[in-house]
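Pasting the structures in now, so scroll down.
Shared chain: chain A. Partners: chain B in the first complex, chain C in the second.
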Partner chain A sequence: MKTLKFVVTVAIVLVTSFGASAQLTGREIIDKTYNRPAGDDQTSILTMTLINKSGQSRVRKIKQFTKDFGDMEKKIMFFMSPADVKNTSFMNWSYDNDKADDQWIYLPAIKKTKRISSDSKSDYFMGSDFTYDDLGDRKLDADIHTLLREETINGFDCYVVENVSKDDEYMYSKTVSWIRKESFVGVKKEFYDEDGDLLKILTIKKVEKISGYWVIVSSEMKNIQKNHTTKINLTDVHVNTNVPASKFTERMMMRGI
Partner chain B sequence: MKKIVIAIILLVVTGGMTRAQSIDVSGFARTYEGAKTESGDFSIIQQTLNLNFEKKGEKAAFKANPMLYLYNSDSLHLNLRELFVDMYFSNFDLRVGKQQIVWGKADGVFITDVVSPLNLTEFLLPDFDEIRIGVIATKLDYYVGNNTFEFVWVPQFTPITKPASNSIWYIQPDFPAQPTFNWNNSEIKPSLENSEMFIKYSAMTSVIDFDLMAAYTWDDTPAMHVNKIIDMSSGSPVLSGLNITPEYHRLSLAGASFSSEIKGVILRGEAAYYNGKYFQTEDPAAKDALIQKDYLNYVLGLDFNIGDVKLSAQFIQKYILDFDKNMIDDEINNMATFLARYDMLRETLHLELFSYIGLTNEDALIRPKLTYDFDDSFSILLGANIFVGDENGQFGRYHDNTMMYMKLKYNF
Partner chain C sequence: MEKLLKKLLNYSWISMIAILLLTAYFIFNMKQNSRMETDLDKYMPHDHPAFVYSDKAESWFNINDGIIVAIENKKGIFNTETLDTLKKLTKRFQKFDEINKDDVTSLYTADNIIGTEDGMDVKRFFKRVPKTKENLQKLKESVENNEMIFGRLISVDETVTVIVAEIGDDVFTQEFYREILDVAKASETKDIKIHVAGRPIVEGTMALLGPADMKKMVPIVLLVIFLVLFITLRSFKGTLITLGVVFFSTIWAFGLMAAVGVPVYAVSTMIPVMLIAIGVADGIHLYSHLQVYINHNPDAEKREAVKDMIKFMWKPVVMTSVTTAVGFISLLTSQVYPVKYFGIFTAFGVMVAMVFSLVFLPAGIMIFGLPKAKKINKEEDKAGHSHSRLANSFAASVIKHKYVSIMATAVIVILSLIGMQKIWINSSFLEKFEKDSDIVQTDKFINEHFGGTSSVNLILDAQGKKDKFKDPEVLKLVDKMQKDVDSQLEVVGNTFSLADYINRMNKVMNADKEEFNKIPDSKDLIAQYLLLYEMSGDPENLNKVVDYDYEKLNVTFQLKSDNSKSINSALDVINTYKSDFKKYGITINYAGSGYKGLVFTDLILEGQIMSLIMSLIIILLLISVMFRSIKIGVIASVPIILTALISFGIMGFLDIPLSTTTALLSSIAIGIGIDYAVHFLEQYHYNALNTDDKMVAAQNTMAHSGRAIIYNAIVVIAGFLVLMFSVFPPNRQLGALVSLNMFTSFVGTLTIMLVLLYVSNVYFKKKKSK
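What follows is the complex of A and B.
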């Protein structure tokens, strides 16, 4: 009996200690979220619906291509609507190291490709509730990530991680992310303004497994303070279709789709 | 009347094409009215219909861009701004037809951007997409990764379009005697010998974007060959008149431009060396009152943000080499541009201030603008063009033309 008790005790200690060592840190959770397998390339049509507090909506439609080049990721976006931005294109090269992104915009009216600063990541994208930073991959170590708790939300077991920027000038005092434990896909994210008040809530509405990879195909960002919302839907999503490297060039920015 | 008929036929025919071939149609309709602040006279009453017909395929594309301008109530101008066919190959593209070609990294100044000439009938006020004149050309772009070699052949020379003598933008030249113009030498006949050639290499990298270019072209503005008529009837020589023969001359140039980002600031530069331009001179020994000189034209610019305000500033210098003190032009001409832009109300209200500042003549053109987008298609623009400073300067001389204006635009 004593032997059995000893064995059970050892087993409990082992399980507990293994459990403790398996407990991920906030940084590791966000690392797994940011670096979740997404395939080598992706193509989709992004429809962004901007809804103001009166319920009136404006729609932006973009065809986008992304490709992983190992130590860098390239993205090219072709604006399909509204009419005044049609045939405009935008290209972003982001790097795994600390190098700032390279960005260019092609303006068809003046037939010119211009290098633009990637410093304005806090700017809102096309008048939506998403900043460039909200839409892109934020650098992992730009924030300090702290695991707050684990809880179940919308039926998913989630990690709840607080992210505080290392840059005091950053537009958010903190963000809080709810991340599914089994897939490291986000469920919800709260954004707090510089005064610490809740500013925006991002809700992931629909996730689909496409060619073996989780893809967020529907999400909604609600600005709580100004009572307007932006919905994003991805359609015609394709993963790993061997998008050629030549897609991510000035030639294609100017040619369009 | 003939132009109206042409325009209607164009619309009907292209409308039919659009349905039959599923050609993509886009463009805008715009009404533009401006009045001079001093006199209250209308400086412009213009209605515009811009049509873009496009068809894109995997191997070829087509574009036609007619623009219809209606001035006052009955003066219709049809401008076929672009009409070309694209052919796509694995490593190169070919564009043949009337096209606008834009080179360089500078904004609002034209240094290596010399392929498409300018329409200056309304000075520098039209939007930059409307100020360029399309040229009939063959353009070949050869690609190696993010490097591009571009060759442009223009068989027919197109000069700058200047304001008509009844335009508020026409400046009456100041002659010491009655001039008589002889326009016989002012036309360049299209031929292989008279064609223009342009070449450019450009690279887009993660560190810097840059271009190198060279051109064998015609000077877009004619040189004024002046011959004095001397009257000896009184016994002593008296200047009684001038015979002026405007003539276009060959001009060659080489240049480069770059843009790069340094800590969130975009640094841009562009320079060109112009070889053998004809300048006006008061040297009595000079033939036809002209002298040939080389000159350097360059710009350095910065784009940066302060908070949510986007700012851009450029310094531009034109420097005539081996300067002769009898020349009419300044040896050095300095200019600057400044742009501030602020978008608000979820990018529906746009505030903009753009200025050309003549540093040599201490004059300026100041252009504040306010644009409000009622929806994704319909916008209203209220603005002003304010000319200030030295009345001999290229901006100050238009001080009587300071105006306020409004544009209503519908995009489709």
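What follows is the complex of A and C.
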């Protein structure tokens, strides 16, 4: 099954569960969540709003394209606003194996494309409250998944699954996911820090069915320890529009939207 | 009043027991409710504009004081053992409940912005401690190449590296400090030494050490006073009762504080100091009078003796106490709450001491009996002169050589005024410690290797104009100012701001060429660099230097000293840029504990000087009313003014800076000075009624009041000289200055004031006109 990882949209995926009954294990639930059919490519306009504890906010509007290449996923993003970073573009290739992501950035002010690299999947993405991992780069077997209970939340029947990292040094001691039984779309996720204290809460605000695929179009991550919030909204979403493979090159980065 | 007091004599036991019961109640209250306030932040007036802004800025940029843990290895730190210790300690500190994980910075947690062949990379210096020579060498090179780290987290000679753990204002406790020291000590080896410093530690230790030292010293002070009092009064009972007055009034003051829920502040430890110095006086004067009476009437009954004492002494005791209390109440004008409380409760203690002197002390005498009479040579005819030959000749020679006193006073006033010019205010906490103490030595060590243990935060505020601090012109100005301050002032070790990030990124994005280590000309490029940093680095770091809307900037200046001269020298240079920034609509403000300390000290002193002037005026008026003569009011103020002048003058000459404790001493000068003057005046007034000879009046006053004043001075000076052996320098200064003030007050009263009284003909003129 092809996977499509959305750097921004989230990993939590819908699987039309064919009566997959109560015998599902925690691992199976998360597997179905991570690996849900999501089309081969997607385009959208992403609005990311960062709100700090003083209530100040930064709003960024980005046009983004994603395409699944089988063993890898490519994504290209063009900044539309604020004005001083307009046409700055960012490209990310992430691989299904353990290879680190390749990343490039194009800075129009110097008309140069530069490779950047980030050490870890635990890095926060663009000053947001999402890490690359949170956005969907997490591998299924990096955690041990345990089904805790089933409960109804926000009107949805959910599985509640606890995910504990196999790596002691991982930034979260555990996460807890609420996943809709009928669609395997997430509703909520809690992240606990190394000391076991609640660090962040992800809330899925709105899910839309686009071209037959469930897409999370509005979500909010709140870091309760820092009182910092990131809101992500997708508009103008299109799935399977045959985005050409040639879109994901350094040349295209320089050309702009 | 007099009648009431005399009536009370019939109920000695009842008054004694009532006072003891109330004292027990207050002791109980102290046990239950007394609370020491060690958080210096609680001392600050948070509604003062400077504090309001600083507090806001501290929250915008998460500005906190840091505990600095320095890891030293003389053989160099780039080896596995030292780096291992660094990593372990960093992680250990992140685990402290008192410390936020993200607030710990060290080479292990720091971001390294580096240029690569085809781009830029922001990564940790190391995650796993390098083991091979090759990898250690690589790390060493990457540290040396990063000026954002080299010299800041690693000393330039590469023998010391620091971990900085920022903590909130209220988390420091002695237990926490001990735990830190234990953790540090446990990591020491033959090669690796660990030092712990930083403002939270200095502040916390000071807030605890001062009062703790006082607690230790006060009993010794009391013991010495007891002994000297015993020698001068030659009466065990009298000594005990006099000290009882002081002791109980102190308990009442602290008991009331506990009862109304006011915590004990560091300045509150000055309350017993004041009450000892002032409370003893009443007892000595009362006993002195009693002694004279008995000496002249050896067969008198105790009730008669006590009645005579009350009759003659109640007025001066009330007058001195009221004036002193009013002097302290003038401290209410201060903007600093601990100082206000200090004023109120000391005033309360003084009034309580007055009541005790007039009720408890006579009751004590009634119960325990009179002191023994001393033999005096009655046969000798003194023609109305006093029986003390010493007093007679002293008074006579003071008056005979009156111009010596006047000239000397004039010279002293001039010298003091000169000395006062040199006086400076010090808000330094560090300089309150012994020069060879661990805390000072560690601080010195870290200052020798790094930018400095103290910091001042400059907050540039574009007044809501967004993105102002992406403007290259503005950033260039910031960069220029930083370099200017850094190069002009020896004491500034480091500066840090958003400009450093931009410089660094511009350099690494241009193949690490040094000529690009500067702010680029394009605003868009700066914005894009910042976006780049957010994508590859830890954007949290940027939140410490600039706000979300790029309209407020935090520039940190690291200083090698926290004293006011250093901070002010930095502020002076920074302020020269005020007009340049103003052109861009940017205002300058400051923040951080160092700056707040400076403002705070200024506030205390301002309040102190205000209240000094106010209390002088009030006392002058009070005395003028009490003695019904402005002239006498002025004369009585002379010893006080002299005492204050000399006190400040000597501080100037000896380079003792004004600080919170030393400034409060001016209150003592007034409190004590007025006691001496009033007792002396009252006696002189009484003696003047009985004679036409000014000399006789002077001599009798000298024999009676003069003697009591000398005793008083000797007792308190002896007591406070004990503080010279304190381990806490401010307490030593306190001891020395109180002793000095006592000495000048007493000399001033017995010489220049007597001369002025004599020359001005007060009381005698009136009589002649009658």
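To be clear about the criterion, the second predicted complex is superposed on the first by the 232 of 257 C-alpha atoms of A that agree within 3 Å, B and C clash if a C-alpha of one lies under 4 Å from a C-alpha of the other, contacts with A are read in each partner's own complex, and residues count from 1 in each chain.
Assume a residue touches a chain if its C-beta (ideal position, glycine included) is under 8 Å from a C-beta of that chain, and two chains touch if they have at least 3 such contacts.
These numbers come from a predicted model, not from an experiment.
**Student:** Kindly say whether there is room for both chain B and chain C on chain A in the superposition, answering fit or clash.
**Tutor:** clash
**Student:** Which holds for A:Pro82: it touches chain B only (first), chain C only (second), both, or neither?
**Tutor:** In the superposed model, A:Pro82 contacts both chain B and chain C.
**Student:** Could you look at A:Ile105 and tell me whether it touches chain B, chain C, both or neither (first, second, both, neither)?
**Tutor:** second
**Student:** Touching A:Glu250, do we find chain B (first), chain C (second), both, or neither?
**Tutor:** The answer is first: A:Glu250 touches chain B but not chain C.
**Student:** Quick check on the superposed pair: does A:Trp93 touch chain B, chain C, both, or neither? Answer first, second, both or neither.
**Tutor:** After superposition on chain A, A:Trp93 lies in contact with chain B alone.
**Student:** Tell me the contact category for A:Glu194 with respect to chain B and chain C: first, second, both or neither.
**Tutor:** In the superposition, A:Glu194 touches chain C alone.
**Student:** Using the superposition on chain A described above, determine whether A:Lys114 touches chain B (first), chain C (second), both, or neither.
**Tutor:** both
**Student:** Please work out whether A:Val59 is in contact with chain B alone, chain C alone, both, or neither, and reply first, second, both or neither.
**Tutor:** first
**Student:** Would you sort A:Gly127 into first (chain B), second (chain C), both or neither based on which partner it touches?
**Tutor:** So A:Gly127 meets both chain B and chain C here.
**Student:** Clash-wise, after the superposition, say which stretch of chain B runs into chain C: 135-143, 369-377 or 387-395.
**Tutor:** After superposing on chain A, the clashing stretch of chain B is 369-377.
**Student:** From the superposed pair, tell me which chain A residues show up as contacts to chain B and also as contacts to chain C.
**Tutor:** On chain A, the residues that contact chain B in one structure and chain C in the other are 50, 52, 58, 82, 84, 104, 109-110, 112, 114-119, 123-124, 126-127.
**Student:** State the interface residues of chain C toward chain A in the complex, per the touch definition above.
**Tutor:** Interface residues on chain C, with respect to chain A: 59-60, 95, 101, 116, 118-124, 467, 470, 509, 522-529, 531-532, 534-536, 538-540, 542-543, 547-549.
**Student:** Residue numbers of chain A touching chain C in their complex, please.
**Tutor:** 50, 52, 54, 56-58, 79, 82, 84-85, 88, 90, 103-105, 107-110, 112, 114-119, 123-127, 193-195
**Student:** Can you name the residues of chain B that touch chain A in the complex?
**Tutor:** Going through chain B, the ones touching chain A are 26, 28, 56, 61, 86, 88, 93, 100-102, 105, 127-129, 141, 143, 145-146, 148, 202, 204, 206, 209, 259-261, 263-266, 303-305, 308, 310, 343, 346-348, 375-377, 379, 411-412.
**Student:** Looking at the complex, which residues from chain A come into contact with chain B?
**Tutor:** The contact residues of chain A facing chain B are 50, 52, 58-59, 81-84, 86, 93, 95, 99-100, 102, 104, 109-120, 123-124, 126-128, 228, 246, 249-251, 255-257.
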